[in-house]
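Letters A, B and C mark the chains as written, and numbering starts fresh at 1 in each.
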């Protein structure tokens, strides 16, 4: 049986393969052709991007680092940072409620997440913006009783507060799901082992479960952060001049510069999200410790290894 | 119910199981199991897979809550306290304190992957407030040396072989200085050539006089270390006695069937 | 604070289905006097926190219902007016179109990204990077202004003569701009979802198929894609909800979607809050229907992965009710607490 299988195997190499023992790789003309066509199209697009006068690259350079644009950028970063922290805090709280034994806390948390994942951010922001009409004063006091301290809503709710509140409320709903999924992703055996050792509840969560959950929470949350960064562009609806709002405003004043101004915003957003992505890579690497036997090389290490290989190949080629 | 000789002494039995029933959904897993384990003895629980062995072991330290009946360890009821003629469920912190006096070794080790071996072993004594950080680490080093891993204290669990991980898990259970240690198929997840190193650690514990309850499929090992063999079938104890009798002259047809299959 | 890690609270085994364990088993051989019933512990902290949560909820509800600014009668009045319904229809239509087109383009991008050709791979990566890096709002405005950039679109040879030209200004109305802008943005995300799904399939499956002599494309179609669907479908469901909400952005292009229709109304009558409420309720209604659909689709695709399917909420509710009734019986029966 085995013999016949071996005999029917396709032409076994007889004798030494080639003159120098090298196997020539299969040529793939289709791959080259596809690559070529795509390269031509890309070069055409790039050519258009650079030479088309409508892009007004000079105006782009003029606007790119104007103080007014940088102020907008600062607002974007501020709003993102505040909402990220507040959203995460709210998300952890909601996730804990959702995972708790109490049916009431569980349903409250579920309802919150359902509500805020169902409504577009713009609508939430518009609601909050018009909140002054709904609740002219906010008070602290006994529930259903008299209020001790009252705030005038219109004074309290500056544009940035409305923006951060809206973003944080929505972000908390998403963060809750991220945290919950992370906690659930921790192997049940870990809960059991910790319980079998008699570790106290708080210790178990803080030292055993949560650090392991972070491994899946952090990458998802950083992804979430990129979304948040982009979502801040919506705050111009509540008349806060972030990066996008500023650009939009300037475009109103200088209608001829609409396109270069949009490009300014685009490039800044690309830069910011790319920075977050780079951070994400290193953070993920950090949390992989203990979970993998070896960690993946950084791009820098990979580039260095690639160069070395190339050099060796080059030397071999030229030596012949 | 048979008990081995030493139990007649004044010391309370190490483990007592009183009429434990347990359901999973509509399925009855334990059906009125009662069992007594004398201090300083080794009890091996045998049975086909699905016979309720692991569940029984997990009931012993209250990882599974029995629907009826209860368990005492060292004379103290686990997970409940007596009030008149009723049993009242304990608060979680009290149950945790009880568990920290019972060692448990899992089939899949369940070491904490994000902690070093040293921290894995030292975590529980520190967290339960029994030892200072310093003392716990000294103890952990000592225990890791005892299981043959004294030179790997800084490594992470995933960097070890299965056999090494299971030895760390045993050291972790020992760190609480438990009165009884429960083993849930400690060698089932291991490659055959790694089984020996784990069994030899357990053998050392057995000869050292620690009370052990072991669920295992290693019949040869059971014959060697056990003082008492318990055979479980469909959630009931059908046969019980010293290995020489249960393994060589089984009385119950189910036991005979099982042994003829595995031997 | 409630933490999730109490093993005896969260058993590894699934919740008992209806009609399972009788609280007091008929004890065959169970020592009656020796096995008294166990009185479950009471969760004081849990009760307190639940009471606090309920109180806050009640306050919110009362303030929403009683606050005159909400003008619930206005909400009712506008909820089903034709302007709002037309807007809703456009929102739904836009969502569907963008989802389908986005996933078609996204699949193409994913295949490019996974191909062996470095040019295609880099190109796909670059596309995804750019379109995921910029806010949708910026992209939409960009496409809206494309008329200014390229007043005419020409079809011809690269760097060669043009065969025919089209006026973009006439070509791209706001609605079409919205579809294009949303689709391009969506496809970048869809590409990642499809790629993730394909990568999630155990490489052993591909190897097994190749060992059986299946061709590359056959392996992809018959072996990999069906298994990848298991991870693609739930994510796609999430994306569908995201897209539905994302379409609210097109109001900036004056496309008459749900939000913009509502805005048009309240710009005339200044009843901002009730009209926003109309939009909110519609968005909640649609996403809830979509989530319910997603839940059942996920259940369908989970088959073959876990042994038993988790019970649906309806089944769980029924079990809960049975349990509650049994407990009530136990408490009210003499000799209870």
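Here, a residue touches a chain if its C-beta (ideal position, glycine included) is under 8 Å from a C-beta of that chain, and two chains touch if they have at least 3 such contacts.
Everything numeric in this text was worked out from a predicted model, so none of it was measured.
More C-beta pairs touch across one of A-B and A-C than the other; that pair is A-C.
Farthest from subunit A in terms of Cα centroid separation is B.
Centroids of subunit A and subunit B (each the mean of its C-alpha atoms) stand 46 Å apart. Averaged C-alpha coordinates give centres for subunit A and subunit C that are 17 Å from one another. Residue positions 63, 92 of subunit B are each in touch with at least two other chains. For subunit A, the set of residues that touch two or more other chains comprises 192, 194-195, 201, 208.
In subunit C, the residues that reach two or more other chains under the touch definition are 6-8. Remark: subunit B residues 18-19, 21, 23-26, 31-32, 34, 62-65, 67-70, 79-80, 83, 85-92, 95 touch subunit C in the complex. Listing the residues of subunit A that touch subunit C in their complex gives 28, 31, 34-35, 38-42, 44, 48, 52, 54-55, 96-97, 99-105, 108, 114-115, 117-123, 126-127, 130, 133-135, 143-144, 183, 188, 191-192, 194-195, 201-202, 204-205, 208-209, 226, 230-234, 244, 248, 258-259, 262, 265-266, 269-270, 273-274. Those residues of subunit A lying in contact with subunit B across their complex are 187, 189-190, 192-201, 203, 207-208, 211-212, 215, 289-293.
Of all residues in subunit C, only 6-8, 11, 13-14, 16-17, 19-21, 23-25, 27-31, 34-41 touch subunit B in the complex they form. The touching residues of subunit B, when paired with subunit A in their complex, are 61, 63, 92-93, 96-102, 104, 106, 108, 110-115, 123-124, 127-128, 156-159, 172-173, 176.
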